[in-house]
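Structure in structure tokens, see below.
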Amino acid sequence: MSSTPQGIDVSIEDKRVVAEQPPAKGHPNTCPGCGSHYRDDELVKHLRMCPHCGHHFPVRALERIAQLLDEGTFIEECADLRSADPLGFFDLRPYVERLAEAETSTGLGDAMVTGGGRIEGSACRLAVMDFAFMGGSMGSVVGEKFARACESATAAGVPLVSIAASGGARMQEGILALMQLPKTVCAVDELHDAGCALISVMTHPTTGGLLASFASLGDVLLAEPGALMSFAGPRVVQQTTKEKLPEDFGRAEQNLRFGHIDAIVPRGELRPTIARLLRLFGSCGQL
Amino acid sequence: MSSTPQGIDVSIEDKRVVAEQPPAKGHPNTCPGCGSHYRDDELVKHLRMCPHCGHHFPVRALERIAQLLDEGTFIEECADLRSADPLGFFDLRPYVERLAEAETSTGLGDAMVTGGGRIEGSACRLAVMDFAFMGGSMGSVVGEKFARACESATAAGVPLVSIAASGGARMQEGILALMQLPKTVCAVDELHDAGCALISVMTHPTTGGLLASFASLGDVLLAEPGALMSFAGPRVVQQTTKEKLPEDFGRAEQNLRFGHIDAIVPRGELRPTIARLLRLFGSCGQL
Amino acid sequence: MASSDAEPGFRERLSKLAGIKSLRGTKLPAELERLQRQLDRLTEEETEEEVWERVLLARDEDRPYTLDYVARIFGEFFELHGDRGRDDDSAIVAGLGTLDGKTVALIGQQKGRDLKERVARNFGMAYPEGYRKAMRVMELADRHSFPVLTLVDTPGAYPGVAAEQHGQGGAIARSQAVMARLGVPTVAVVIGEGGSGGAVALALADKVLMQENAMYSVISPEGCASILWRDASQAQKAAAAFKPDAAHCLELEVIDGIVPEPAGGAHTDHDLAAELLREAVTSAFAELEHVSPDDLRRARRAKFRAMGVLA
Amino acid sequence: MASSDAEPGFRERLSKLAGIKSLRGTKLPAELERLQRQLDRLTEEETEEEVWERVLLARDEDRPYTLDYVARIFGEFFELHGDRGRDDDSAIVAGLGTLDGKTVALIGQQKGRDLKERVARNFGMAYPEGYRKAMRVMELADRHSFPVLTLVDTPGAYPGVAAEQHGQGGAIARSQAVMARLGVPTVAVVIGEGGSGGAVALALADKVLMQENAMYSVISPEGCASILWRDASQAQKAAAAFKPDAAHCLELEVIDGIVPEPAGGAHTDHDLAAELLREAVTSAFAELEHVSPDDLRRARRAKFRAMGVLA
């Protein structure tokens, strides 16, 4: 289901997200829900939802931005930020090599794209994660981009919309990756002190450090259908507790039932829903 | 077990507190726990705990104050406040008649005694309920006395210690009795804004409106062993849900287990425990 | 039964209520006149039957509920779910919507229209989780300076084993404490049954209004009767004794105004009932519009501080 | 492995640490000297074995736990229980006590000393309820201007079905958000295992210290090894790669200071370990004593805002 073979290496609390899915039927454009196969342009047209069974395929960051924003309004920010290798980290391969490969294969500098734009005419800032870049893991660059997006939203007096898709913290940056949790939490507190809203959308998967930091701190928490939202991944939980997991363990539907999110929004309704929330939260300063 | 035959009439959410107890063995000084019988001076000496089985007998307000305060330090406040009869309430007997009878039998103006004093040398204000006065029900006088106790504590910059024993709101005062909930809640918020602490002790029973207002808002919540602390009384719950109630339904022990109180403190340890808390919260202004 | 003491304040507030409405250019003077006539009757004694009739109207199964009003008075409504802890209690609904073009946070008890919905919403009787949802939405409103509107309509907080184990009393107390701390304008309207602690948990507001046929009481008439008369069938007698109707609540200075209903009761015309509610609520918010957070808190606490009647 | 860039900040903070301590008249110059020598070694490369030795010390079963320190450094301690919602999670203990005669709120993870206690305390792995208890005690401290001391010692937040259903991720996020908002001085000390999100939930503090042999990491060495090397037995190699020891955390400017331990580790002398901890904590609080709530928040957020290394 995922087009990112390295994804499995980098998520921490939920390292087997991919393995939990029905085994990919060879091609990323084959629906794991019903087996239908689509051309890429067909999937793009349908917002990467299966027209047959409604399965939500993963969406890359730039395509997500195109789905959500008024055409031609996106202005990217901080595109030049890149990870350093503070630990000189080397496992089976050096971290710098993994980074270079991810940049080549995704065309992105790191796992988050940020910038400003309009949705149904309402100005906002966006912070959109890309699972294809090392499993959407959060290291120094993701944390810094998110913090700057909060500051940019505050300066403009507009809400920040965050779209999460992440396996957790990026362990190749060690303790500095963990520090992106408090860093992004502080950024949300500053955003809130300025009176600006955070609208947080969780897509499959939003696990580990993301769920334990900014993604859970939205004024409104939305999730896509079926999105896995858990702090610990299903495999870790199973190994630890030896329990049989409930069928919808950690899924958006369970999270709604247990009171953790406000709504499950199918992808087709995401743009009008966010637009409505932007109008409700309005501007909170100069535009 | 209770020496207040009219108690059963006035508690609301928990109207059968007394009936839930083992039937009184004739005399209020006979222990319902083990059947031992005591002279009144024996019980006073033992803080009204059964020396044989540890059962906590009810304690009247002035005796409670004598148990807790340094000798000779109590100065009563607002002793002259009396209930009006705003509804001209008449059930089987007029409210004014019930009030007069309660005053005669208890020697108190209403179900709460307030004032200032010292515990192990630390100054505080106290608000102590007396279940013998119409089941410790809260009407306008109890609400007013509690609010004034908060104001007195604020003025003195000392903590307020509240000792609850109540069946709930006093229905003979109708909607005005219900309004003592928000009234006392506002008083606690003002006390807290002034930086003063509320130490709340719940004794058997603390139910209905008391639990749903100031008694639950203490910075520290203590309870005596076995004290019933429930919003709805066991009988009402049983009638509504038809369930068999757990054995310790609503008791302090259950409340501790479910995270609602900080500690269960046997009566013999109450004075030193409150004294320690007074030292920890200290003074918060002039004395 | 208005005592001579309460009389002046009562009259004064009634005319203030009328004043606000005409100031805002009410289009419904007939409703207001009718309400005035009803209130005039209070100087005479209301009969047991008249009080009971209102109790029955407050509980009428066709009476508009919270979501009926939400659909009619809010724009852009978005429902918020969950207490961020354990549950989403649908006996209480919450959300954001626009009223007069401004964003307002709505919190209200919700009974069910048919049996299935009634069970799902537990007949409007919330668990502690419902009050925790209310609190977190109030805090969201405070963070973004959204006024808060609460609609009160519950027989009471749910009296069950789990509800007690989850801390019903503490949740009701804390919900009030949060309302006492809010720095935004708050308006509460009792739109049906305002049952005891479960109701007041959402009603510690700058302006507390009652619909003409709503009731607001420390205990249900049946509960009162079974305790004091030892006979639940004496409910009618009990209701007359403790007077849960809007006019008496206004007389006792427990509420700040009465919202007129269509003749015959809100259930006869949901649209008109909603329009009358909308007018009353926007008038109340307009009065609070330019008051600072500190002044809002101060006045709100002072108002409740003064409630009660001493000898 | 100190990079030449990180070096000056590291040196500076070490000498600042030393400076504070002598200023406060430390009676234990020998311990400090020993710490200095150890830190000096950082300019050389630490071996895999040396890093691993610290991991083993951090997890030593005889190492003092939160309550061992509480008994030794606090006066008048009073434990606070419960999250005021559903539970009292004993993997986290909280309470009030006096330190240098002033009231401080204490929150810390607590492992068990024997098997029975370990099970009761879930090996120091909290459920969301534990973090909710922590948050409500922090808010109590804020209300009364009590400084907050947290002691971090957990393999991680508990990864179980119920913990997820009760909102583990959200609870950890919100606990951090509460810490970022507090207007009182906050000091966190990692006294054993600082395991991932479960640790940082209590560590968003003005001053974050680590004991000499504590570890603080984004994942356990075993977890890291099983993911990256696909072999949990490579834990020693993994630990050397991501360097969870105090010296490296100081080097990366993730912590503000290192608390010396008795020679051989804290487990060899609980009393001395507690005395060293007490000195470090009171020094840290002394530095924060006259800072206003707004300045505390500002500096605290700015500190975490700056964490991370970019190319």
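Per-chain numbering from 1; labels A, B, C and D assigned in written order.
We take it that a contact is a pair of C-beta atoms (placed from the backbone, for glycine too) under 8 Å apart; a residue touches a chain by one contact, two chains touch by 3 or more.
Quantities reported herein were computed from a predicted structural model and do not represent experimental measurements.
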{"item": "Contacts common to chain A and chain D (chain labels)", "value": "C"}
{"item": "Of all other chains, the one whose Cα centre sits farthest from chain D", "value": "C"}
{"item": "Inter-chain centre distance, chain B versus chain D - centres from mean C-alpha coordinates, in Å", "value": "41"}
{"item": "Rounded Å distance between chain A and chain B, as computed from the means of their C-alpha atoms", "value": "52"}
{"item": "Geometric centre distance via CA averages, chain C-chain B, whole Å", "value": "29"}
{"item": "Chain B residues counted as touching two or more neighbouring chains", "value": "258-260"}
{"item": "Residue list for chain D, restricted to those that touch at least two other chains", "value": "84-86, 166-167, 170, 174"}
{"item": "Contact graph of the chains (line, ring, star, complete, other)", "value": "other"}
{"item": "Contacting chain pairs - touch in the sense defined above", "value": "A-C, A-D, B-C, B-D, C-D"}
{"item": "Chain C contact footprint on chain B (complex, rising order)", "value": "9-10, 12-13, 15, 81-84, 86-92, 139-141, 143-144, 147, 169, 171-183, 185-190, 207-209, 211-217, 229-232, 236-237, 240-241, 243, 245-246, 249-250, 254, 258-260"}
{"item": "Complex interface listing, chain D residues touching chain C", "value": "84-86, 128, 132, 166-167, 170, 174"}
{"item": "Complex contact set, residues of chain B against chain D", "value": "192, 195, 197, 219-220, 256-263, 273, 276-277, 279-282, 284"}
{"item": "Residues on chain D engaged by chain A in the complex (per definition of touch)", "value": "1, 3, 157-161, 163-170, 172-174, 176-177, 179-181, 196-197, 200-201, 203-204, 216-219, 223-224, 227-229, 238, 241-244, 248-249, 252, 254, 300-301, 304-305, 307-311"}
{"item": "Touching residues on chain D, where the partner in the complex is chain B", "value": "76, 78-88, 96-98, 103, 129, 133, 140, 143-145"}
